[in-house]
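The structure follows.
Chain IDs A, B, C, D and E follow the sequence of writing; residue 1 opens each chain.
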C-alpha cells in the first residue's frame, strides 16, 4: 500500500531525513515514535506529498510520488490525514468542514456530501454538534471531527501526526477510542504518537526514528520486548517511567 | 507721530518682521543663495529705512518671514509679520481684513499662450482648458467670466504659478491667465522662451500693495510716504529697469517687460486705490 | 485677538456666484468620498492579488510582488501623485498622452489621484494580506492540500476567508488612511475637502471657521467608516474564535 | 515627448542637502518625542485609571482621524494665535517649530498604538511571573514588559519612522523648505519641476528602500 | 502554612471558584487535579495574590491576603511559583533571570545574588547553560531554570501550575525528578498536575476540583484507593486508562 524507498530530504543545508526505507501493507497499523525533531512529522508529510523530498521514492497504492505525471492533488484526496492541531477550518460549521472537500474535490452533490459527512460525524459521536463552529468544541471533539472529515473522503489509508498531543489528558481517550475502532475495522494507518498504550493494543509494527533515520522498524512485540538500539531503549524508559 | 501699535512694537523690540514670497519672480523670491531679492523686496527695504528714520533708531533688526498665498493674510492679521510686500493685490474684500499701502505696481491680468496656438484674446478660450493659479484674483475673474458669458471653459486651478505653467507647457491647457508681470516671469523660465507670448486685453487692472495690519494709520503713513518718495524721485524707475528690463538672478533671465502706461501714471501720482 | 467669528459665512453665496460656501464644502466632501472609495476598490483588488502572490511558493511571482510593494511603499505619496499627473502622460505615446491631457481637467485630476492612491494603498493592503495569510497556522494550508484541494482552492476556501477576518482591523485603518491621504490630491488641483478649506480661507478670509468645519467633516467620515467596519467585523465574526460570540 | 533638462540639479545640491537636513530634523524630533509621549499615552491607556485611559484614547483617536495636512496647518495657522492671545507676545518664524510640534504630537498618536500593541504582545504569563517574584507592578512594567515590548515592536517602530520620513514632505503646505519643498521650489524657480520631482522621488526611494532593508535584517535577527 | 477559607471568585458574572476551603501544613505536598477549566490555576493564583478574590480569605504564613495592609509584593516574593509555560524572561540570560529579583526585590548584592542563583542552577544540573538565553534551551531545561529561579528567592513554599504539561514527553521526567527531590527535602508544595505517578510517589494529599469547587480533599491513599465522588472516579479512569 505505502512503500517508502530510501528517502532523503534536506531543508537547505540541514538533512531532516536520511535514507528512510519501510513499507506499510494494506490493513496494517504502524506507529511511528521518536524524540522531538527526529523527523517523524516530516516523514509522514512526505507520504502525502505535502513536503517534497530530494532523494528516493515513495509509492502510494501503486502511484509513484516522484513521477512528474502524478496528479498530487488527486492522490492527496485519497489519503486521509489528521493533524496535531486538528486544523479544522474555523470559519465553517462542522457540517461545512465535512462536506466542502467532498463537493469541491470529489465533485459530490451537496446532498450526497452532507449525508456522507453526517454519517461519519455520527460515528465519532458528535451528531449534536453539526451546526456549531470548531471554536465552540473542545479539543477532543475537534479532533474527532477532523477524523470524520478525513474519513468522509473515503481514504485508502490514514495518516495521523500526534493526534492527541495537543489535547487535555481527559480527552485523549475519546480520540484514541475512535482510532482503535478504525484500526480494528482494518483501515491502513500510519500514526505518529507517543501513546504507547495505543501502540500496545492495536499496532502491528512500531518504527522508531532518531536524527532523521529509521533506527528501529520492528513488530510491536519485538519493540516493547527488546528494542535493539540503545537510543530506543532509553527513549522507552523515559516515556514509560511515570 | 500718530499713535501706532506697530511702530511702538518696532521701537520696543528693535526689530521688524518682513513678509516676503519665495518664488514670486521678480517681485520677491530667493536667489540661489537663499537670499531674498526682487522689486517688491527692494521697496520693502526702503520702507524699513524710512521706519528707522521715523523712529530715530540706529539699527533695526530685520527678520524675514516667507509667506504663501494661502497664509499671508492670516500672518499679517495675527502679527507674525509686520509688513508683507510681494505680489498681493489690493482689493476691497481684502481691505476688510488688512490695510494696504500705496500701490507699488500695477498689473493687468492677461493670457500666456503658445505662439502657434492662434489664441489672441479671451473670447478664443470658449470650450477650452484654461489654467490659472488657485486663490488668485485671476481665478475669480476667470470663473466669473465663464459663468456670465457661458464660455464653457474648463478651468484648472493649479497650486502655484510653477504648476500652472507646467500645465500649460505640457499641453493640458491652451492658456494660462495671470498677472502679466508674473507671466513674463514664467516665460523667462521656460525651456524655450521664444515659444511663448503674452496676449489679450487686460481683464482687470490690479494694484499691488504692501499689506499692513488694519487700524494702524501711523505705520501706514510712514510706509506710504516711503513708497511715494521712491516713485516721485525716479528711484522706482531705476529699480524697475533693474528687475524688468535687465537679466536677473538666478539664471540671468531677462523679462523684457516694458513699463506700462498705468505704471508711468502711478509714478507721477502715487496713491493707494484699489481697482476693484 | 481681534477676530470676527462668523459662522454664517457658510450660507453666503460664494464670490463666483455659483454656490454657497457650504455648497463648496459639500462638493469637496463629494470628491473626497468618491475619490477615496474608488481608490479603495483598486487597492483591495490589487492588494489582494499582490499579497497572495507574495506568499505563493514560486520565486518569480513572489519576487515580482515584492518589487511592486517596495516600489510603491518607498516613495512619498506626494511625489507619486506628481509623477502620475505630470510626468506619466509625457512618457506615454504622444497620441494617447495628448488625448488624456485634453480631456476634462477634473477627470484628469480625479483619474490620476485615484490610480495613485489606489496603487499606493494597494502596496500596504498587500502587506496586510500577506501577514494575514502568514499568521494562519501553517497546518491550515497543509490540511487543505491534504484533502485534495488545489493550491488556488486552498487560498479560496481555506486561507483567504480567515486571513481577511484577521486583518479586518488593520484594513480598517488603511481604509481610514485612504480618506486622509486623499487630501494630497489638493496639490494637483482636485477640489476635495482640504482644497476647499484653503479656498474658503482665500475667499472668505475666515480661516478658523473653514478649518473647524473641514476638520469636523473628516472626523465624521472617520466615525462613519469605523462604525461600518465594526458592523462588518461583527457580521463576519466566527463563533468560538478569538473575539467571537 | 517631454524634453528633460537636468541641468538645474547640480547647482542646487547644497540647497537640497539643506532641505534634507530639515527633513531629518523633523523626522528625528518626531520619532524621539513621539516615542516618549506615545509610551506615556499607551501606558495611560492600558492603565487602570479610567479618566486617564479615556483621555489617552480620545487623544489618539482625534489625531488619527484628521489628515496630517490638516494637523500641520492647524499648528501653523491656528494654534500659535491661541498661544499669542494668552501670552500676548510676538511669534517669529514658527514654521519649523510648528512643524516639529505638529509632527511630534501627531506621530505620538501612531506610536502609542504600536507601543500599546507591543505591550499587549507580551504574554500575560510574563506579568504574572514578574509579580510572582515579588516585583511591584511598576518594576514588572519596567524590567519585564517594556524591554520585551520594545524588542517585539522595533521593526514596526522603524517602519513607522520610514512612513514619517516620507510624510515630512507634507510640510510644503506651510512653505517650510524640507527636502521635497526645496526640490519643488528649485523646480519652480528654474521652470524644471518635472525633473526635480523625479529626482526627489528617486532620492526618497533610495533612502526608504535602504532603511526598509535594514528593518528586514533586524526582523530576521529578532526572529531567531 | 497556607489556609484557604471559603474562597469564592467571579469573572464578571461567571463564578470560577465556589467556597473553596482547604489548608496546607508546613512540609506538606498537595497535588491539585481536575478537568480543564475547573479552576485549578485560578485557585493557585489566588494563593499568590496574582488574582483577587471576592469572598473568603487566604492566610499565608500568618498573613491574611484580604487585609488591606498586607504588602502583596513582599508576600509574593516569599512564595515561589512555577508556570506551565516557564515564563523565563526571554531578554535576559539564565544568570540574569536568576539574579534580577534577588537584587531588585530582596536587595541582595550582585555577588550574593549570583552565588545563590548559580548554586540552585547547579542543583537542577544546568550550570553549563548559565550564560545562554532561555530561547536556546529545551523546554525541560527552561522549566528547571524556572524552578531554580523560584528557589533562589528562599521561598517558604512553592506553587506549581501544570509544570510539565507544555513539555515533550521525553522531558517530563527531568522536571519531575527535580520536584520529587524538593518534596523529599521537606518543601511545602502545592502542585497542579496530572502526573499521577508524581502524586503517587510524593504527595501527601490530593485535591480534586470540578466546576470551581473542591470536590475531594483526601489523603493520597484514600484518593487512589476509593475516590468518594463519581466525578473524581470518572476522571481517574479517563486519565489512568492508557
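Criterion: contacts are C-beta pairs under 8 Å (C-beta built on N, C-alpha and C of every residue); 3 or more make two chains touch, one makes a residue touch a chain.
What you are looking at is a predicted structure, and each value in this text was computed from that prediction instead of being measured.
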If a chain touches chain C and chain D alike, it appears here: B
Shortest chain-hopping distance from chain B out to chain E: 2
Pair joined by the larger number of C-beta contacts - A-C, D-E: A-C
Length of the line joining the C-alpha centres of chain B and chain C, rounded to whole Å: 38
Mean-CA-position distance for chain D and chain A (Å): 51
Cα-centroid distance, chain B relative to chain D, in whole angstrom: 36
Sites on chain E at which at least two other chains make contact: none
Multi-chain contact sites of chain B, meaning residues that touch two or more partners: 70, 74, 78, 163, 166, 170
Per-residue multi-chain contacts in chain C, two or more chains: 1, 3, 86, 90, 186, 207
Chains that touch, pairwise: A-C, A-E, B-C, B-D, C-D, D-E
Sites on chain D touched by chain E in the complex: 123, 125-126, 128-136, 139, 143-144, 147-148, 151, 224
Footprint of chain B on chain D - complex, ascending: 2-3, 5, 11-12, 15, 18, 76-77, 80-81, 84, 90-95, 173-175, 177, 184-185, 187-191, 193-194
Residue numbers on chain C that touch chain B, as the complex places them: 1, 3, 15-18, 86, 89-90, 98, 101-102, 104-106, 108-109, 186-189, 191, 195, 198-199, 201-203, 205, 207
For the chain B and chain D complex, residues of the former touching the latter: 9, 13, 17, 22-23, 25, 29-30, 32, 34, 63-68, 70-71, 74, 78-80, 160-163, 165-166, 170, 186, 189-191, 250-251
Residues of chain B touching chain C in the complex: 69-70, 73-74, 77-78, 93-94, 96-97, 129, 134-135, 140, 143-144, 147, 154-159, 163, 166, 170-173
